[in-house]
Each structure stands twice: as structure tokens, then as C-alpha cells.
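What follows is chain A paired twice: with chain B in the first complex and chain C in the second.
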Partner chain A sequence: MEIVFENVDFTYQPNSPFSHQALKNISLRIKHGDYAAFIGHTGSGKSTLLQHLNGILRPTSGTVRIGDFELTTKKNNAIKSLRRKVGVVFQYPEHQLFEETVERDILFGPKNFGMDMEEAKHKLPVILEEVGLPTDVLQRSPFELSGGQMRRVAIAGVLITDPNVLILDEPTAGLDPRGRKQIMSLIDSLHKKKRMTIILVTHHMEDVLRHANQAFVLSEGELVMQGEPVEVFQEEERLQDIGLGIPEELQLINQLQQALGLPITYHHQSPSELGKDIAQALHAGGNR
Partner chain B sequence: MIEFNKVSYSYDKNRGNAVDELSLFIEQNEWIALIGHNGSGKSTVAKLMNGLLLPTEGNVSVSGLPLSEDTYWDIRKKVGMVFQNPENQFVGTTVMDDVAFGLENLGFPREEMVKRVASALKEVDMYAFKDQAPNRLSGGQKQRVAIAGILAIMPEVIIFDEASTMLDPNGKKELLETIKGLRKIKKMTIVYITHDLSEAAYADRIIVMNEGKQWMSGKPREVFQYRDELSEIGLEIPLISSIYSGMNKHGVKLEKEPLHMKELVDQLWKLSSKM
Partner chain C sequence: MNQSFIIGQYVPKESPVHALDARTKLIIVFFYVLVTFSAETLSSYLILFLFAACGAIVSRVHPLFIVKGLRPIWFIIILTFILHLFIQRQGEVLFTVFGYAIYDQAVIQAAIISSRLFLLILMTTLLTLTTTPISITDAVETLLKPLKSLKLPIHELALMMSISLRFIPTLIEETDKISKAQASRGIDFQTGRWRDRLKAIFALLIPLFISAFKRAEDLAMAMEARGYRGDYGRTKFRELKFTSLDLIVFLLFIIIVIGFFYFNG
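Take a look at the complex of A and B:
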């Protein structure tokens, strides 16, 4: 399902003293199977934009198209079938786990969408395996789980409706390094194996660089940059002006190029490989 | 300043100790980073430090005062705590009211209160915002106001329990700079809880927790030597340390292990000008 925004504006509480325009004339396209990352400082409009993707919010003006669905200022009755196809894992999803058992939490979506419950239950083991949870968690209370496990439960609850698009709003916020790595590689495998379109919001620029193939930069409700992550991150100064940084390894490469004239480039090498590249460039320079 | 002597704490008898026979000592004016994976016991340790919890076994003391049912109230005044979510910490309608709240609770006379609030807000560089509504501030600014609220009570120790977790990269930087600034102007013991080791690099000493125990303690440079072992307990050394270890394996030796990018670039610059 291709996602297209055409001149989308969104204003919270319009025609009131609290009116606030959170999205300004956004036009963009995310192709089927893309891994798109949205970056921008807090308040730049990322979550507002995501909520347009499954019809929680409707544009104040302009159009959002998701496959055959069209979201405009007018109400659309097909919204439930859209929500099945576009799964959203909200920020801190553990605050939205509320059922007594993990099983009931995961099955909340199917129930809500009026899906065949027997079939949904049948799928549980497969889904659990996909997100890397043991089957014995099903009868446990979601509150007994670790932060990383609760995130997986939330992702499982979205996957069970078999969406084509998976949206994740800061899915690794608050997780420790291991938890973060595991969630990022889970998303990678959903992207590759299930060919899902992934839309990720994150403050971790190195995750954008490593995992996404498209980056969209929001500032004050406007889409100010877009492109492949490596290209977008080349504009260090422009990003700095809007309060964003570039991944640390790219910062280092830039500084070494400028200060020492070392001919090092980024080619998705690991940190220790980058160290090796730097060592070799230094030795080559020294022998000249 | 803070001493734990074989301290254990258990939330639930059936599930073992969240903090397990932990002994540690934190000196006055030390900046400690307390790190460990989610669930390793950091917050429990923090709550034992300021008397929100009393140990199931062992003894805690803060500047010589043993923690007990009779003293926890006094200890809470000595040890202030800043939490993860700044939103939940606000009660006042203006920044100033908010900072005054803790003092009001302690029954401070009005005149003294006004003085303390003003000076605390100045210390975190938020005085200009004193009449604003706290909910209109950025995340980093909110945390600075929360810090001012603690400073006003004049504690000897401030604990930051993952206070940077919900902040964006700018907010994190702002928080760390604020702490650095405070340390320049006043004596203060800091316990900074995080699982981001590049933030822990700012501390004088790192205490690594694992499964309720102290797993290691040392200067950041010493701790970052243990990359593989840290990764086994769910932690990751800072990127710059990983890059340096790759360089090191390929024959680049620097005088001191770089903790930040600037330390790395500066030393490489020196090295290459000698080559």
C-alpha cells in the first residue's frame, strides 16, 4: 500500500484561542515496502502526522491516501478496515495494556475488528514466535513483564490483524541497549520477511542510518528535508539549525575529513570496522 | 556520604531480592553514574537511598544518619530525587509556584521561600521563566524546573532516576550541562541513573548493577574496557569507545582512552601531526 500526503494541514482545536497548527502543507510519498523514518525535535509534529495514517486524526485540509483509502476532512466509514491494514504501536504502549492476561491483550484488536476469534487464537503461537515471546506468557498478566517484553506484546497485538503497514512511535524509548537492539532487529525482520512497510519515529539517528531507506525531517510542523538517510545526514548544519544532530559516526567521519584530511567514508561498517578504517587511513597518511 | 552495608530489599518474598546484599560507599561531592539493564535494581537502590523504601536486611546511612522508621523523613530532606517523567512532577500553575511547592510542604516561612525559589531557578538558568505555566516548557526545561524544586530544599544529594530517558537528544544534553554547571557553583553529591553509557561517561565513577548486586565499580575509562562483559549484561559501551577499540587493534595507541568525540579527534590530531 502506497502512502501519499497531498498538501496536508492539521490544526488542533481550530477556531478556539488554543488553536495550534501542528502540520503545515505536508506532501510526501512512501512506497510499498519502504522503511521510512521520521525525525524531528519534540513537538515538531511527528506523532500528529502518524495519527493521520490510520485515521485517528483527519486532515484539516488536504488529502492522505493509503492504498485505496482516502482520508480527507470528511468522515470515512471504511476507517475500521483501514485500521486493520495499518497497525500502530504508540509511544509507551505499555500504558495501554490493560487486559488481565497477555492473550486477551493481543486479541483485543481482532475482537474490536470483529474478526473470526477462533482463527485469531489459532495464529497466536506464530505471532508470538515472530515477536520472540515464549508461549507461556499468554496467561500471565502484562504487568509482570519487562519493558522490552511489554513492547513485544504491543507489537504482537498489531501483527495479529495482519497489517501491511506497521507504524512505530519511538518503540525503543526507555529500553536498555539490549532491549533496543532486539526491538530494532525484530522490526528489521518484519520488514524483510513479511515485506511490511515500516514507518518509524525515533530520536536515535544511528538507528535511522542503519535501518531506514527513507528519512523525513519535520520541524515546526513542516517537512523540511527528505531522502536517503546518508544523504539527509550530509546536511549537518541545516539539521543543527533545527535542533537535530547527525549520527555520531558520521560526525566523527566529517571531523576527521576536515581536521586531518583523512579519506574515510561511511559504508555501513560497524564501529570497530570504522576504527580499523581510521587506523589504516592514519598509517597511509603517515607513510606518505 | 551514602553507605550501604549488605543491604537487601525484596518486594515479594516469593520472587527473591530486587537488591541483594549490596554494599557500597559514595563519597561527598562524588558524581556517580548508576547503570544496569532494565530491572537490575537501580530504582530500588535509589528509593533505599532516600528512605522511600526501608531495607529488608542490612543498613543504609546518609551522612552518618542511619536510615530507619524514625529517620526516613530527615533523610528525604537530605536526598532529593528527579524522576523520568517531568509532566507527573508538576503541581503548580506557574514555574515559581511549582518550585515553591516542596518548601511549602516543609512549612518554610514565606520570605525564606521566595529567596530560595529565586536562587534555585537562577542556578538552573530558568529564572526568566518564573511566571510561565510549566506545561508550556520543553522537556529539558521541565526537568530543569524539577531540579530547581529539589535544589530549593537544599539537599546534600540529588538522585536522577533515568531523568533523561524521555527527553530528546537536545533535552539530554541540556540536563547534563545543567548538572555540570551546578557542580561548578556548589558542592553536591550526584547519583545519575541511566543505561546510556555515553551519559555515564560524565560521572567521576560508575557503579554497574546486575541482578540486584554491584557488578563493578570504577572510573568510566576503566569500566569501558569491559565491552564484551558489559554486553553480556545488556549494556553497550559508548560508540566512541567501540571505534577506538577497533583502531587500537590496528595499531593506533593514544595517550588516554577517549571518552568523547572531542577527546578522540584532538588526540588523533596531535598524533598525526607527529607522523
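Take a look at the complex of A and C:
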């Protein structure tokens, strides 16, 4: 499903002393099957923007189109079917668990959406394997699990409704490096194997560079930059002005270019490949 | 969700009302409430209203804050008015609505009771808008200190009060977050049969309770880690100060009260 924002404004509590405009004239397009990353400082409007994607919030003016759904200032009654197609993993999703068993919590979404429960039950083992949980957790209480496992249960509860678009708001916040890597590769496989459109909000620039094919930079409610991550990260100074950095790899490459004039470019090489490139370039430079 | 619900919300401003000692404000609000309950004549209500209105103007808090703060209460005020209008059966018949007689005494009573409610809420809202929760609890603690000799746990009560006040916004935020998460999982809090809606509330309340308990545990741990051991040997960082401004306001209030009783007959 293609996602299009057309001149979207959003104001919290309009016409009151608390009034605060969180989104200013946002226009963007995310194609079907894209892996889009949203970056920006805390309070830049990322979370507000995400909440427009499944109709939790409606624009104060402008239009949001998700596939055939159109969200405007007016109320839309088809919102429930939209929410089935657009899965949202909120920040710290483990806080939303509440059922007695993991199984019931995962099946909470399908039940609300009126899906075939037998079919959903059959899918449970597959989903658990995808998120990396053993099947014996199904009958346990979600509150007996560790924080990382709880987060996987919460993600499983979103995946089971088979969304076309998956939105993740800082899914790796508070996880250890290994947990972070696992979640990121889970998202990668959902993107590649299931052709899901992924929308990721993150503070890890490395993840944006490594995984996303579209980057959107928000600052104070405005969309200030967009494009391929490598291109966006070219403008280091502009990013620094709005309080963002660039990934370590690119920092290293930039510094090497400036200090030694090494002709290295970034083309998604792994750290060890990058090391080889640098060694090679240094070697060539030394021969000159 | 209920971000317009501002009971207990402090609005920082520099005004004489903000500068007053919290104890002064608390005592005045306390007696104001008492006096309001004995108000019977129109002029005495006018005096009380004038006092509250002056306070609101001097506090320089945006009037919209006050109006918004009163919004959840409007319903109760109007309901009280209507109930009194229909239940009171004294005096002369003023007019009839759908064959139901409305008495003149009923109109007066309804007006009195609902303006009482209005004044009470207005004054207490003004107190919380201009005083930080911390100074309110400090004031409560110092004012209730004499009861300590009766072995009442005043400090603990004050602490409980300040903790609960402090966590109201946090809990509202948390509720907002969880209800959004559950709405994304297809729950509908607004429409549907009441049984479904009741179930929906559980999906909201259980996570909310769990996180509240977790928060409480963390807070207790953090307090112990920083050597908290009740009020034993504890000094205050913010001391309440009684200034000449407080004296003036007190005198003003006494004059108002005397005027009130004069007009109240």
C-alpha cells in the first residue's frame, strides 16, 4: 500500500493555551515495499506523524492516503480495517501486554478484527519462530518473561494480523546489542520475504544507513530532508545543525577523505570490507 | 486523551497570587469554602464571586485555563441546577414545563446550589493553578504538624499526597499511550456494545496497574538508595515564608468575610 501525505498539518489541542503545532505542512510519499526510516530529535514530530498512519490521529488539515484509505479532518468509519492492514509496534510495546497467557495476548488483535480464530491459532508457531520465541511460552503468563521476550510477544501480537505496512517506533530502545541485532534482522526478513512496507523510527543512524532505502528527517514538525540514506547523510553539517549525527562508518570515511584525501566511497560494505578498502586505499596512496 | 483536565495542574507565572505563601492560600481557600456553604443572599454571593474573580485576574493565569479546568465540572453544575429545579416543591408556581410545575423557590435554590459548586471549584482550581503541588503538600504538612503529637503520620500523609499529585500527569500520559496501542490492535473504546467496551477497559486498566506498581517499586528503591528514612532529621530545601503580602491578603480576606456576614444578614 502506498502512503501519501499531502500538506498535512497537525495541532495538539487547538484553540487553547496548550495549543501546539506538531506537524507543519508535511508532504511525502512512501512506495509499496519501501523501507522508510524517520529520524529527528525528540519532539520533532516523528511519533505524531506515525499516529496518522493508522488513524489514531487525524490531520488538522491536509490529507493522508494509505492505499485506498483516505484520512482527512473528517471521521472515517473504515478505520478498523485500516488498522488491520497497518500494524504499529509502539515504543516499549511490552507495556501493552495484559492477558493471562502469551497465546491469548497474541490472539487479542485477530479477535478484535474479527478474523478467523482457528486460522490465527494455526499461525501461532510460525509467528513465534519468526520473532524468535520457543513455542512453550504460549501457555505462560507474559509477565513471567524477560523484557526482551515480552517485546517479542508484543511484536508477534502485531504480526499475526498480517499487516501490509509495519510501523515500528524505536523497536530496539532499551535492548542489549544482541537483542537489537535480532530485532533488526527480523524486520529485514519481514521486509524482504513478506514484502511488507516498513516504517521505522529510530535514533540509530547506523540502522538507517544499513537497512532503510528511504530516509526522512524531521525537525520541529517540518520535513527538512528526504531521500536515500547515503544521500541524506552527505549533508553532515545540516544534520548537525538540527542536533543529529551521521553513522560512524560515514564519519570515518569523511574524516579520511578530509585528512588524507583517500578516494573511498560508501556502498553498503560491511565493517571488515570497509577496513579492506581503507587498507587498499592507503596502500595505493603509499605507492604513489 | 484528557489533556484538558487540569485539576492539579500548575501554571508558572509571576504574580502576587503565585508569590503568596502556600499556607496562606490554603487557609483562605479552607475558610472560603466554609463561608460559601453559609451564603444565602445574592449580595453575599456577589462578594464571594468578586473575591474569587479578583484572585483570578491578579493571578494573570490565562482565563482559558480556568474555563478549561472547569469544563469537566460544568456538567455536574448544570445537572445540580436541573435536579433542584424539578425536585424542590416550595413557594409559588412560576411556570410549567410539559405540565410540570416549576416553583420560584426551586429556581432560587437551584441557583444557590449551583453557584456554590461553581465558586468552590473556581477557588480550588485557582489554588492548584497558582501553587506547585510540592508547596501545597508542604503547607499541609506544616499546618497539620500539631497533630503529630497525637502520633498521626503527618509526614507520610503529605508524602503520599505529593507522590500521587506528581504522578497524575504521568498516569494520564501512560493511559493515553496504552489506549493508542490497544486501539491499534483493533480495540474500540468509543463505540460498540457496552459489554465489549467494558472488556476494552480491562485491556487498558491491567497494563496501567502493572506499570504503576512497577513505578512505585522503582520509586521506593530510588528513595531508599538516596537514604530516605521518613522525616526524621530532615530539613527543607524550599522553606515557606510568610511575608507582608500574606498579611495584607489575610486582612483583605477578613474584611471580605466581615462584609459577607454583614450582607448575609
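Operating definition for what follows: the second predicted complex is superposed on the first by the 288 of 288 C-alpha atoms of A that agree within 3 Å, B and C clash if a C-alpha of one lies under 4 Å from a C-alpha of the other, contacts with A are read in each partner's own complex, and residues count from 1 in each chain.
Here is the rule we use: a residue touches a chain if its C-beta (ideal position, glycine included) is under 8 Å from a C-beta of that chain, and two chains touch if they have at least 3 such contacts.
Quick caveat: nothing in here was measured; it's all calculated off a predicted structure.
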Which of chain B and chain C A:S146 touches, first, second, both or neither: first
First (chain B), second (chain C), both or neither touched by A:Q280: first
Which of chain B and chain C A:V230 touches, first, second, both or neither: neither
Chain A residues touched by each partner, larger count belonging to chain B or chain C: B
Partner chain in contact with A:F90 - chain B first, chain C second, else both or neither: second
Chain B versus chain C as contact partner of A:G43, first or second or both or neither: first
Partner chain(s) touched by A:L28 [first = chain B, second = chain C, both, neither]: neither
Partner chain in contact with A:L256 - chain B first, chain C second, else both or neither: first
Chain C - residues contacting chain A, complex: 3-4, 62, 64-65, 68, 174, 177-178, 180-188, 202-203, 206-207, 210-211
Chain B to chain A touching residues, read off their complex: 37-39, 84, 138-139, 162, 165-171, 195-197, 231, 234-236, 239-240, 242-252, 261, 264-265, 268-269, 271-272, 275
Of chain A, residues touching chain C in the complex: 12-13, 16-18, 51, 54, 56, 80, 83-84, 87-88, 90, 93, 95-98, 108-109, 111-113, 143, 157-158, 161
Contact footprint of chain B on chain A as seen in their complex: 41-43, 146-148, 173-179, 181, 203, 205-206, 243-245, 248-249, 251-252, 255-256, 259-260, 270-276, 278-280, 282-283, 285-286
